[in-house]
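Structures are listed in the sections that come next.
Shared chain: subunit A. Partners: subunit B in the first complex, subunit C in the second.
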Partner chain A sequence: MQIETALLIGALFGCATYLILQNSFVRILFGFVVLTNAANLLVLSMSGNPAGRHAPIVGSVARPLVDPLPQALILTAIVIGFGVTAYLVLLLYRIFLDQRTTNAAELYEDQDTSEHT
Partner chain B sequence: MNPTILPILLPLLTALLVLFWGKPGRPRRVLVAGSGIVQLALALWLVARSCTGESFVLTLGNWSAPFGIVLVIDPLAAIMLALSTFTALASILYGYAELSFRVEHPLRLPLTQFLLAGINLAFCTGDLFNLFVAFEIMLIASYALLTLEADDWDVKQAFPYLAVNLVGSTLFLCAAGLAYTLFGTLNFADIAMRASVMADDPRVLALGLLLLVVFGIKAGIFPLYYWLPNSYPTLPIPLAALYAGMLTKVGVYVLLRVFGTVLPHSLEPAHQLLAWLAGATMIFGVLGAISRNFIRGILAYHILSQIGFMVLAIGLFTPLSFAACIFYVIHHIIVKSSLFLIGGVGLCLNRTDNLDRMGNLWRHAPWLGVVFLCQALSLAGLPPLSGFWGKYAIVVVGLEKGAYVLVAASLVASILTLFSMLKIWNSAFWNSPDEREVCLWDLRWVKLCRVAAGMTVVSLGIGLGAEGVFRVAQEAAVRALDQEGYARVVFSRIGKGGATPP
Partner chain C sequence: MESNGILLLVAVVLPLLGAPLVALAGRGLGRRVGWLAFAFPLISAGTLLSLAARIGLPGSEVIEWPWIPTFGIQFSFLLDGLSLFFALVVSGVGVLIFFYANFYLDDHYEHHGRFYCYLTLFMAAMLGTVLANNLMLLFVFWELTGLASFLLIGFLHHEEKSRIGARQALLITGFTGLLMLAGVIMVWLVTGTYDLAVLLGSGLPLAEHRGWLTAAMVLLLLGAFGKSAQFPLQFWLPNAMAAPTPVSAYLHSATMVKLGVFLCARIFPLFVENGLWAPLLTLVAFTTMLLGAVLALLANDLKAILAFSTVSQLGYLIGYYGLGPAHGVEYDYLHILNHVFYKGCLFMVAGIVIHAAGVQDIRQLGGLRRRMPWLAGVCLIAAATMAGVPGTTGFLSKETMLKEIFEAMNGHGALGIYATTCVVLTSLAKVAFSFRFFANVFLGEESEAVKKNFHAPPPAILAPPLILAGGALLLGLWTGPLDALMRGLAVEGLHQSAPHLALWHGPTTELFVSLAVMLLGLGVFVLGQRTAWRWAAIPRRLRFDEYFETGIEHFSKFTKWLTRFLRADKPVDYLPVIIAFTLCVVGGFMGYALWPSVRESAGAWTWDALAPHPVRSFVAALIALSVVGVLILRRWTTQLISLSVAGFLTTFYYVLYRAPDLALTQILIEVVTLFLILILLGRFPRSSELGEIIHRPSLARRRLNVVLSLGVGILMTTFILWFNAVPHPDRIGRFFTERTVELAEGRNAVNTILVDFRGFDTLGEITVLVIAMLGGLGLLMRYKRTPEEYQEGPMGPPGLGIKHSERREEP
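Let's look at the complex of A and B:
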């Protein structure tokens, strides 16, 4: 399973990078969603192979147990990722309302940042 | 009660209290200012106590070090806490003087306190994943503040800030996961102990480089700084001062912590890369500053070029260069924040901070000019102001290590800094065409000027008492580089799951 997971993570990161580099807001948004999921999957796969590992509990039957700590980390990361994604949706919607465009290239095409008051 | 939790708890409680208080008003403002003063006093007490050799450790939930999360305050963390609370207090007071509570946005004060809680947690934490959480608290509060009072132009500039930092956070999460697999722990002290025996493992170097990218994004190192220079000028002045002072310096602090305390000291390629990127950051930052024509934009680019100096000191990687870096951080946070505040006073008087439409300030407000000159020359590094001593120490270490190109780059950057400070001076202060109005009737500027002058006095004190400050910085650097001492302090706290004391 290790190699398949690694390939899947690589594919997800590739897709995410491709989508984020697009011009359309919707694609950028989906890119970030895929990116956070790819990172979560990477952390999940860090639990490793459960074979030969047991829970450190006295008197328990020695069954293989997957390392639970990365899962705890992911739970935190999912919550944070959800919050930030919600914020990103609102920010992009606000930009759409202001500028009447969903094209990032158009948005920053002719801005002069050297002077701003 | 263990005082280690207080730097995080106080801003958090203040934020919640103020959030539910609801309507902006005078009592609310007094509460936040009072809390700010208490936080500053606490942080200064922590600096004094930790410099005498004491370290503060809190094992959360009473779980011993590698199993539970720990909070650690050593001299370096205490110094950063003092700086963050001081800058936040100045920013809050400036905000009070700038806007009446009748027009204040009700969420600005609570969000500032949440931001401060995140920053302080990042300084205190002794755990890589907890550091990730601290970064997220800080970043989410900063996203919200960035767009809170924004118009359509400002919202547009917030998008790159959000996007780049989101990528950075994701990479940080990956780095935390990889560190866990590599070392089997996320605790700083435990990683330091386990990594020292696997220093030759190329995976450690790979992890170090990944962390370099993550914190480099946060600090604003050369190819990763695109999010900063256009987004900071869109903030209201007091918040811009807080952001300019603290946020990138959190990145610098974490670079110090990770490369000094956590990872093995033999990661030569990573240190070299840091030093060269720092050289590029200095030059590109200062060139960007020259291309800008409004005060906030110029100052925002100067943050980057100054970050270059600090990161160069980390990259040179000797105890003296670490001390120089810490001294530079102390100097830079205060000078940079106060320059933003002074720019804000100019904005209030001229009704613009576009250099083409400013002028006459020296004729009508000479004291503002004096305050500006002190800080601007300090930023450029003229003796005996505080910036000189930091740059001097970095240049000395650079010459000792034979990094002549980087030393030359830093000197060129200093001269160009002086040039762009003189550009502001000539246009805003010295230039005096009659049609440029100076709104002296707007009496807010006197109070605003007082806040900026207060910061300038502290900054002058650092320059004149440089020897004492440098000694504190040296103590902090030695303790930050002492991995075994750090681990001993952290593991000396025995709680649940730890070894029983003999």
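Let's look at the complex of A and C:
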């Protein structure tokens, strides 16, 4: 049982959700980064309790190893998560340049007023 | 078997494959492409005739190729009397219609290739539907006919009424077709087969699965009602008359709308024992019949009169199966053939008249007998057939119908009386509008519109209606071939041995009723002539299409309102809706489906097992603390530092989970992310940061955010606890650790998975990175530099030409 990991992941997901629900670009971005980490840890918890096991490097002596598959998946996920984060950073920058705001709600407020007039 | 299969493929699949070629050839050939397309119905009719000869009717044969055998779906065809009868009608009328269309679609029309492509496609789909043995195949072809019909009705799509008519036809036939699919699947669930021949052979277990099969029957019949324009869906058929007349004559009178009739005949042996069969079919069909006849009497448009009378006649044909005794019907082929004769003929006549006179309102026509005497003769025969005048097939059809209805009156009680009333009233109206159709177009004084617009049609266009009218007259007088046809094409279960047809049955009740109806109908006609049909107009209340259009309009308004209500057009407000919905669905599912297994595993939840690992707990608390810092802190830079701390601590957490590769990667990525976000924050104006602190969302919204976040957190924690409560006995990861040295020559299993076992996944990962990089580059370079910026040098100011120093001060 990995009670502390479960609680940590729950806390990370909760915080990430709260950040993403904000209007500020910066907070949304931070929320996304936290969400990436939370998802990675979620997959990691699937490899089971590591107590009494070793890193998945096969040695000459036979010994219990942790499951390598979640780790391989996470390794890929970390890199892809970074790629998406980088794209998000540039996207927010672009929106700021075009719309002159770092507040997501303001984007749509502008749209409303232009529709009505 | 082998050669029969080839013949069948030639009849059905050749036009299907040939249709696109017709469209291609139309580009070069123009209107002459019609003669190329004319070959397809000829070939199909010929091969079907030879097939009918080879099978040795009244036998039957199944020709089958595997298609999706896993699901019991075969490319399978059933050749028996019923399917061959319909197939021959389709291809035979097809020959006449293609011929007719070649004269009708003159150079005023465009896109001849496309038109004949649709028409050929339609014919192939029709043949496939009536010949199909597998119910799934039947459904596929069935919907294909609806699609071709949609394209043909909307062929003149620059006119609004064509578009509306096409949309109505597609929505109604398509939707009811889906209901039919549900019925087909329900039959499959009960019997385990889609094979019609098998089902007809063994019958349905009606007694054991009563409710289920009744539902299946109702669904199948709804499909038939939609296709055959039965009440209350009858309104699409008159609106489908916006199509060019050959299409109206072919699809919407002679063939496609008869698919409902065909389906009723096909499933008659399966469901006739069901208690709901007779009342459902009788009520719906005979109501349609009466309504259609009344509306035909009230209509003024030539094609509308014919369209409503088609609706009426379809009710007649379907109702006939409804009242049929359980051991089989007798004269269904006669009724269908009779309708094909006169209605196809009348539509072609109407088309010629519209073409020649340029108007299609019957009140503006008249006196055409002098200009087109031959056409008048043809029309007279066809109208007499429609009215049921002795000496035509119409008379035979009406006599036999009346006879059976009188018999059914004894058997079916109230239903029989209702049917009789409807049939008598309908026959009366039919007599009246048949005479009106002929008299007001061909007799009387020549109208102004005719004098002004008339141009003579080519004489050859008269051939197809002449053939049909000739058939009606000839077979009406000489019943021998009809007898032989009905006997030869009889299908076991559907037909009882057909008795002899005769012109003169003696002085029976039917004859007197028939005469009375004829006289009364003439009376109505004379009355109409006296009053110049001033009362003839379709009341708005009976125009169901208006309700349908209003319904469609309201539906689209409703969806728009729903979108606005859920704030789907505003992501900022829509996100909470999505998250709340996910929470409800996933949380609800977990609570409902997983709770028992969680309770079972409760034994494993001892304190020892739950006892947290001290080092991990410490690190986890630190990570959580620093992430909460991101929430609480107000300055962007401090938030970022807090976030980075959490990231680096996660590295340590990976180490605790015996994952050195992950820890290495995480450190590198964390550093790069830190720099990247730092650069971004440097470019955002400070005023925005201060604005965030001042302008916070409303209290209610913040509370909602907290509730949603707590919900997500609790859900994820529960999920992990539940998942880890029962470890999987056979992990796939064991394979990699056991075989990594042997297969991949590497000791580190994580590395070998990435570069060897799942190498292509890594390639995909790299591709994602490349796409993200290209996308990011595109975002940066979209800014077009002004000439002044351009002159500052090849690279311009920092940020690929973006002067952020100026912009920072602006907001």
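The working rule: the second predicted complex is superposed on the first by the 97 of 117 C-alpha atoms of A that agree within 3 Å, B and C clash if a C-alpha of one lies under 4 Å from a C-alpha of the other, contacts with A are read in each partner's own complex, and residues count from 1 in each chain.
Rule of thumb we're sticking to: a contact is a pair of C-beta atoms (placed from the backbone, for glycine too) under 8 Å apart; a residue touches a chain by one contact, two chains touch by 3 or more.
A quick note: this is a predicted structure, and the numbers were derived from the prediction, not measured.
**Student:** Is A:Val43 in contact with subunit B, with subunit C, with both, or with neither (first, second, both, neither)?
**Tutor:** first
**Student:** Taking the superposition as given, does A:Leu35 touch the first partner, subunit B, the second, subunit C, both, or neither?
**Tutor:** In the superposition, A:Leu35 touches subunit B alone.
**Student:** Is A:Leu92 contacted by the first partner subunit B, the second partner subunit C, both or neither?
**Tutor:** Once the two structures are laid over each other on A, A:Leu92 reaches both partners.
**Student:** Go through the superposed model and pick first if A:Val58 touches only subunit B, second if only subunit C, both, or neither.
**Tutor:** It touches subunit C, and subunit B stays clear.
**Student:** Just subunit B (first), just subunit C (second), both, or neither: which does A:Ile20 touch?
**Tutor:** Both partners.
**Student:** Can you tell me whether subunit B or subunit C touches more residues on subunit A?
**Tutor:** C
**Student:** If you lay the two complexes on top of each other, which residues of subunit A touch subunit B in one and subunit C in the other?
**Tutor:** Correct list for subunit A: 20, 38, 40, 42, 46, 48, 69-70, 76, 80, 83-84, 87, 91-92, 94, 104, 108.
**Student:** Which residues, counting only subunit A, touch subunit C once they are in their complex?
**Tutor:** Subunit A reaches subunit C through residues 1-15, 17-27, 29-30, 33-34, 37-38, 40-42, 44-51, 53-59, 65-72, 74-76, 78-87, 89-94, 96-97, 100-105, 108.
**Student:** Can you tell me which positions in subunit A touch subunit B when the two form their complex?
**Tutor:** Residues 20, 28, 32, 35-36, 38-40, 42-43, 46, 48, 69-70, 73, 76-77, 80, 83-84, 87-88, 91-92, 94-95, 98-99, 104, 107-108, 111, 113-117.
**Student:** Please give the residue numbers of subunit B that touch subunit A in the complex, ascending.
**Tutor:** 129, 132-133, 136, 139-140, 143-144, 147, 152-153, 155-156, 158-159, 162-163, 166-167, 169-171, 173-174, 176-178, 180-181, 229-230, 233-234, 291-294, 296-297, 352-354, 356
**Student:** Tell me, which parts of subunit C touch subunit A in their complex?
**Tutor:** Residues in contact with subunit A: 570-572, 575-576, 579, 604-605, 609-613, 616-617, 620, 623-624, 627-628, 630-631, 636, 639-640, 643, 646-647, 650, 653-654, 656-662, 665-666, 669, 672-673, 676-677, 680-681, 683-685, 688-689, 691-692, 695, 697, 705-706, 708-710, 712-717, 720-721, 723-725, 727, 731-734, 736-737, 740-741, 747-750, 753-754, 758, 761-762, 765, 768-769, 771-773, 775-776, 779-780, 782-783, 802, 807, 810-811.
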